[in-house]
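Here it is, the structure in full.
The letters A, B, C and D name the chains in turn, as written, and every chain counts its residues from 1.
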């Protein structure tokens, strides 16, 4: 849900990059990178292993896998089946006992009425829902020996329901007893170049608001009592990002003229997160309730929601 | 939800009429009628007081109020505020302790993707949701001394979620502890003349499938632990109705010719519910999964969902 | 658009069958049948070659190809790519000079707000639209030597626009000068078993209201000045069909009893189209504004709109 | 449509203010202001009377009326009937011969799939469309002696249709011969405080791209042959605005420190439009395809589309 773009970034990858930029090394954080040349997908696995690492990254302990697929936002005949296949593999890797039959509840977070926030609802709308069929007619109705029971829900956002998402999902989990929850959500990125081109999969669940610390409304193993995998794709950017990027360009341009050098130097004394923080403070408070998104976001959401739902449908098949 | 049009009729009024047609009187059922001349609304209150009456009517014990407003389906400047006002009054009468502050969960039943079944979701979409605001900022945020906490949910239908509506709503009720549930639903009528012109309000909740007996998935005080008021408007007719009505016309026409008299007489020997039952049995099984609805149902749903949501917004005001 | 279900049937195939049923042979109508075993698609080509044939069939002179694909309405991994492929081939066969570059306007008829009528709008929503890109940046932007310019429009229905569809489309054709119009529409069938399983492709355009004769609002080569191919899929059935089918069952059942024989005999004296006509006359006039459609039509429309748009995207590729 | 936020501002009011800020007076531009205390609406009428004024303002000759209603974006029982009433009056004032019967085509510009751009489509969806009824049944069907014929169209955006909006509308105008076109559109503002609180009504039509000069795709009396009234409400802000506003805050803050004074002075040497231009040039080119909009824009669009459609329905009544 888009409230989260009050956070610096929803992407562990971007949190990591912001440290690299400032040449800081973080203990308790292990990073592995891999490039799938054939499918042109860059895969980064960030493992936060200690509380210290969690604090530094502003994200809870756990595994964060990021797929960067530059052409994901472009049209394609098959909704990028090659990305779905890779994504399906990583989802299966994060599911504990993925070879056994499970009951999986997929939660489509976000507001279906606001285009860039409709990713979660759209994905659930495209899923193959099977729980009711199997409960009524048995596995044979699916023509398989081993099946997962798939259920799905689109809880809506607080302005529509008057309830915390956690209240709704916890109630549904208690009643229907899934063995796993998968939450799909639109994210906020710091860089426009990540928009609709990056997928983050994590076993830490959804931590709205701030990451470490404020677990009040999180959808996690702690709050729901079952493992929670979260899949997110950035569809909006933080307004502060735009200002920050423009500032950098501005200063570079102005330094050409003599009497501006001073400013550039002062500005350079700040590290990247101090600059970002400064801008966040100076940005108009009105902007906290606003988001920045591409004009063709309707098309993109339609397309990538298929990429994700297809990956889930694949990942849920038991051989 | 439209599954319910497997039932003879969702309207207590029609159940009652089918007895009257056959000149049967039912014990344990009290009927009061009233005509609001100014607003052109016919109001019928059917009270089922005994188990015997319940069995005869095929509906649980409770109060069923029907507003018949012939012009409700016609366009109007204010979404028929006059109907909203009357409806609001009857809703308040069914709410226990309606003068005290309550937490009310409004449930929009039905499938938002199927036009005549989208009534419930549309109504919830138009409601003034307040629970989260009051919980965060207190009553004063609403500028009132006494306020109801209003929450809303659109659970979706089983084909979309893989879960029973009852499972979802029971979970949400347990987590958020409302003192009252109000469920909004599209109904099936037996007569095309009732479509989008009749509102039924009842304190018996929602009894999908059959009414008396099959309480398995009902949304009622028994299953949810709090009072449940149901508000329904017929937006589809039962396919059997169409056949039945046409048959009557056909037989009348055919009896003009001599050798057809025999048929007419045999047909007449059945009482109206026997005839209906016969047709239900003979009707193509394919039709059980089908519904009959007016071509302009999109416009009608849009309009009457405002009439209902406006009534709820009025009924929820505490002076 | 659903007005057309005032017609007996939108399918030439069903018109033909109704003659066969009555053992009538029609001059000027040539029928070819073919079965694609691998893909399980039954293909019927009805060529109406003379005015006499046109009058008998109640449809204009031209070619009507019907694909019957029983599993089209079932879910499938790839939106039934095998059906799209066959459909694409038949569309290309009907396009004159299909190897040359053309400007093609695809018209999505119907009301997007009424689920079974949303087929046309959904198909246009899924199409690869290219005209503006090619006009702005040239063919090379598409990475091809030979390209078709594809444009699309969803005109809405008369209740929404106050205008005839013909008025809108004729205006757009005059301004944008396409060399071909392809109109996509939801149809009415006489048999529930055809619903969402049959595709009709014809080079005669769209003839709302009645077929032969009433060309007033037709979208045809005569009214638009360019060839018009129409692609239709039945998503609703005629209310009279339901009554008719039930009647047949009823009479069969009643004939078991002695004194009913007379009725059955009389009924049998009518031929199938007389019976149908009789029922149409006796059916409640309210039903003329109503349609009958499956409860899961939302899912079906979503799926088959991809089958059709994918076929169009394929058919529009120039090698 | 949101392409237009490439322009500095769609609001004549903001163009005027940007001059005032720099203490420039513009010849050929007359401004009248008025405050409706009861309804809390500030009304500004900007009349551009000469080509020189047009050039200075970057907008064509004509009348621009702006209603500023701070509480328009807040919920209200009647969709702000008080604003609808004032708006209706100003619309009638701009309609030539508004007492005579006319045929009026209302065009809902924008992309219905992108929430802040859906204003036009939503307004047309709420309108009372009458042309087809009057043409079929005569004025008496409306129960009036004098009636306007109202038609409406939602042409879609170029990415959806492959056609210029002008091509579609010119075609429809030629076929259906309205005496007046009214175009409804979502606008871009420079200030977040104008969002969803300001309505601009003008008799100059729609001038996408740039205002004066580039008339190629404009919807105006010149291009359509009939008067064109445009009604617009800002629902997005220009990304450059955000940067600009933050810059001002930043510089103010930084000037506290000694060595920054130089920068502030340099920056102050630019006038406001130079600064804006500089930022536009330095802003990331990615941002040209992006928009900034409030998170609760879905609710706002729903509500203000009623305010506008209600105003049109009132304005179209002939006494």
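Definition applied: a residue touches a chain if its C-beta (ideal position, glycine included) is under 8 Å from a C-beta of that chain, and two chains touch if they have at least 3 such contacts.
The UniProt protein names, listed by chain, are A, B, C, D = Germination protease.
Because the structure is predicted, anything quoted here is derived from the model rather than measured.
Undergrad: Same or different for subunit A and subunit B, when you check if over half of the residue numbers at their contact belong to both copies?
TA: At the contact between subunit A and subunit B, which are copies of one sequence, the residues are largely the same (over half shared).
Undergrad: Upon optimal superposition of subunit B on subunit C over Cα atoms, what rotation angle is obtained, reported to the nearest 5 degrees?
TA: Copies differ by a rotation of 180 degrees.
Undergrad: What is the distance, in whole Å, between the centres of subunit B and subunit C, each centre taken as the mean of its C-alpha atoms?
TA: Computed from C-alpha means, the inter-chain centre distance equals 36 Å.
Undergrad: What is the distance, in whole Å, between the centres of subunit A and subunit C, each centre taken as the mean of its C-alpha atoms?
TA: Spacing between the chain centres: roughly 43 Å.
Undergrad: Express in whole angstrom the distance between the two chain centres, defined as the mean CA positions of subunit C and subunit D.
TA: Going by mean C-alpha positions, subunit C sits 41 Å from subunit D.
Undergrad: Which residues does subunit D have that touch at least 2 chains other than itself?
TA: 159
Undergrad: Could you pull out which subunit B residues touch subunit C in their complex?
TA: Its residues touching subunit C are 2-3, 111, 113-115, 159, 192-193, 237, 239, 242-243, 245-247, 249-250, 253-254, 257, 259-260, 262-263, 266, 278-279, 282-284, 286-287, 289-299.
Undergrad: Which of the residues in subunit C end up touching subunit D in this complex?
TA: Checking each residue of subunit C against subunit D gives 124-125, 129-133, 149-156, 158-164, 167-168, 170-176.
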